[in-house]
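Below: a set of structures, written as structure tokens.
Below, chain A partners chain B and then partners chain C, in two separate complexes.
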Partner chain A sequence: MKKLLAIYKTCVKTALNRAAAYRLNFILSFLITLGSNILFPLVTILIYNSGASFPEWDFYEVLLIQAVFTLSHGLAGIVFNEVLWKTMLHIREGSFEIVLLKPLTPLFFLISTSFEPEFAGLLIGGGVMFGIAAAHTGIASALAIGQFLLLFAAGFAVMAGINMMMAATSFKWVGNSRIPEIFESVKNFGKYPAAVFPQIIRGLAAFIIPVSMIGFFPAGALLGRLDLTAFIAILPCFLFMLIGIWLYNHMIRLYEGVGG
Partner chain B sequence: MPIIEVNNLTKTYTTYKRGSGAKDSVKSFFRRERVVVNAVDNISFTVEEGSICGILGPNGAGKSTTIKMLCGALFPTSGGITALHMRPYADRKRYVGEIGAVFGQRSQLIWDIPPIDSFNMNRAIYGISQADYKSRLDELAELFELTEIMHKPTRVLSLGERMKCEFIMAMLHKPKIVFLDEPTIGLDVIAKAKIREFIQKMNAQGTTFILTTHDLEDVKQLAGHVIIINHGVKVFDDTLQKLQLNLGEKKIIELTLEREMDFDASALGARLAGRKSPLELTLEVDMSQTVISDFIEQLSKKTGFSDISVKELPMEEIITRIYSETVS
Partner chain C sequence: MKLFKRKIDTLIAVAFVTFKEWGAYRTHSMVSIFVGPVYFAAQYYIWTAVYGGSGELNGMKLAEMIRYFGASALIGYLVMDFAAWNLNMLVESGKFLTFALRPLNHRFFAFSQKAGHRLLGFVLEFIPCLILFALLFKVDMRPAYAGWLLLSVVLAFLMNFFVNYCLGMFSFWFVHSGGIRMVYGLFSSVFTGMLIPLVFFPKPLQVIQLFLPFQYTAYVPVMVFLGRYSLGGITLPIPAIVGIQAVAVMTVFVISEIMYRAAMKRFTAVGA
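What follows is the complex of A and B.
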């Protein structure tokens, strides 16, 4: 474990050196992600300013869900978002053997070398939104913070699991760059109060592809508006991650390289 | 003692035939014809510890696929490999810690930052102590005269400089076996010479090398053991000396005649291999039938010549004939 942490630390330093090599690109990417995420709740503002609303949810409560969603997205972006794109690129170009030559599990090597500081913009944007929303809604209790952290971790596990599953499919279907777009659309169900969706969608988003855990459930914990469903949904979230890891490691067997 | 044993190794790929043109493209969208490719077909060989083994073969012969299986990066379809008492594909994590690899067409260096950062990352990955890392890096950098260069971003380095850095990257953890897939591809003669010198020095320290190459000079200068693969099948597996004698003990005589004349090479027990001009002939002489002094004496009696040179049969010629024989 100590050795793995040392490797991760060195790889993070290398990623920061890489980002520093193109400072302007790094600053622009940082500002663009920050700006686009500050603009993202504009739709919610427009809905509430026009007199419409999400039933039983006020503006700052919805903003809190979206802030948690953004935080989760930002953290996933920094830690493992690039695993999917790196896997796809390595497979298409036939350079995955460079990964397999390292005396590490390929997934750990890819996660270590995929640290992406540009997503810090998303994390900061989410943090600002979170601060504004929480200042208005308040936090239910100290227990609520504990529940929030547990559910937030479960949401992170969902994102990791789906990322790995999508990356794993690249070993069979080379160049499947549209699959991540499908998940991006599905993920949006976690951005809004579940009450606005039909019962079947709520069930799917809680247990089948548990995207509610990315934003809605952890924010609900902070607001003290959770029912048992959220806690039952923790199990499929971690199952998702375990299946993602297993599938990725299994699919590596299918790697064939490209012509020399 | 063999450090690598390969038994009946086979790798089969399934690919799809797609044709060309709009009609074929539309057809292939609904129904694709499966094509099974035998990239490596039932190959067996051994590599001795401390040797340099060259794997030769034309493009698409299966050399790179073989070397990737030996590295543990590809799973064989059937057959087995034992290297360093491990099965590379099954014990990959432990095995790759004991080997190094340089792929001439795939870089392990990080493009945007100096090689020293990539080396440092490998130090952490292979768990090399700071003291060992420093002494090993100093030793390797001195051998390649790279001390200054490794602090510049990889993207500004020349191909030769990058390749030297790739070697350092592969050698930092003192691997027992190093796999080289076309390590001198695209390099100038000076860079090639430096890399060959480096391989010889590391080999003298006990490292086993397995290299695939199209550059026969690499093989002539480095490899004691040569394996030739064509269409996935092993067609030669012996020493470099045996390879040179593969087509018989032959010599090439380049001859410049004094005057234009009809020349019957077969009367001298030779073969007319080429005629650059009416006066310039190339003969191939089978040395198992004669000795060179007798041949020249006979030649002098038959014709006058103003110049003569005696050479070994070029390696290119030997390899080309082996390739074409296996195709036919």
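What follows is the complex of A and C.
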């Protein structure tokens, strides 16, 4: 474990040094990520500006959901985003052997060499949104912070699972750059108050592909608007991550080394 | 006349080859059969909740809003473009040389490729999603004016291509034009009206859109589909806005022609 942590630390340092070396590219990517992040709550802003609203949710409560979603997205982006693209590139070029030959598990090697500091733009933007929203909504109680952290960790596990599953899919679906779109479309159901959606979608978003845990449930904890469903949904989230890891390791067996 | 026939023959030949080439990777396009309805479902429920009891928002009724999102998704499949990325890749790698040596204008070649690629999109994305929207969500997808819509979609197709090709041509000057594409993509995602109808934006921003290319690639054809157009407090009859769209396309075409001639003089075939 100590050895793995040391390897990860070295890889993070290398990624930061690389960002410093190509600083103009880093700054541009950072600003674009930050800019696109500002656009994320745009629909919500325009809806509330037009005098409409989500029933029983005020603007800052919805903004808090989207801020938490952005934070989770940013954190997962820093740690996992490149895993899919690196896996996909290696498979397409038939060079995944380079990863397989390393004296580390392939998944750990890819995660540790995929640290992407550019996604800090999302974290900063999400943090600002979070601050603004929380300043208006307030935080229900000290206990709510504990609940938030637990649910946020579960949401991060979902993001990890999604990234692993996307990368695993690329072993079978060689070179399909649209794989993320599939998961992005499903994640839409975690960005808004769950009450907006019908019961069946709420159930799917809580327990099967638990995207509600990325934004809605943790924000609900801070607002003191949680029910038992959120806590029951914690276990499926960690299961989702484990399935993602298992699937990735399983799909490696399909690798043929011929490119595509 | 002979030149025109030769151009058409070339267009059909390149489009057919592109259709077959991308047909081999058909699942790439078929992702839309899942993604399109899922995005649409999210919009459907979000806007149904937002409207609640209110009859109209910014002059749009709920049924109209649902039709707006259905049409914008479907029109998006018809006009989607990757000319900027493709041209950037060719210039950056130096592979553009192989096109510069051919007795064929690359812009026309890229346009023919897009025609073939979007024909595949029509078969594998547009038709299945249209059926799903109509049957699954019971959305009335009949256009108000079929003829004007067809013309507006063709103009949107051209507009999207010329704008993207111009963005790609920046590679002849900057080599790496990914940043410019990303910035354009950022603005485009907001101001084409795919995210939310442009009438929801503050009025000054709506007025600015009248002079920018974004609305002509999505918002205008979608409003033609709905049968009425208004932006920035200006309401125009359908033939008038389609006419303005045609003028906008001609303007971008002229800009792309000037840029193309300048780019050909600048091309060094070195790559990066």
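The rule we apply is simple: the second predicted complex is superposed on the first by the 258 of 260 C-alpha atoms of A that agree within 3 Å, B and C clash if a C-alpha of one lies under 4 Å from a C-alpha of the other, contacts with A are read in each partner's own complex, and residues count from 1 in each chain.
By our rule, a residue touches a chain if its C-beta (ideal position, glycine included) is under 8 Å from a C-beta of that chain, and two chains touch if they have at least 3 such contacts.
Nothing here was measured: the structure is a model prediction, and the numbers come from that model.
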Side-by-side fit of chain B and chain C on chain A, or clash: fit
First, second, both or neither for A:6, with chain B first and chain C second: first
Touching partner for A:105 - first (chain B), second (chain C), both, neither: first
First (chain B), second (chain C), both or neither touched by A:21: first
Touching partner for A:257 - first (chain B), second (chain C), both, neither: first
Which superposed partner A:246 touches (first chain B, second chain C, both, neither): neither
Partner chain in contact with A:97 - chain B first, chain C second, else both or neither: first
Smallest separation of CA atoms, chain C relative to chain B, angstrom: 5
Interface residues, chain C side, partner chain A - complex: 25, 27-28, 31, 34-35, 38-39, 41-42, 45-46, 49-52, 54, 57-58, 179, 182-183, 186, 189-190, 195-196, 200-202
Residue ranges of chain A touching chain C (in the complex, touch as defined): 28, 32, 35-36, 39, 42-43, 46-47, 49-55, 173, 175-179, 181-182, 184-186, 188-189, 192, 195-198, 201
Residues of chain B that touch chain A when the two form their complex: 13, 59-60, 63-65, 68, 71-75, 92-94, 96-97, 99, 101, 103, 105-108, 110, 112-113, 117-118, 120-121, 123-127, 153, 181-182
Residues of chain A that touch chain B when the two form their complex: 3, 6-7, 9-11, 14, 17-18, 21-22, 94-98, 100-105, 109, 113, 253, 255-257, 259-260
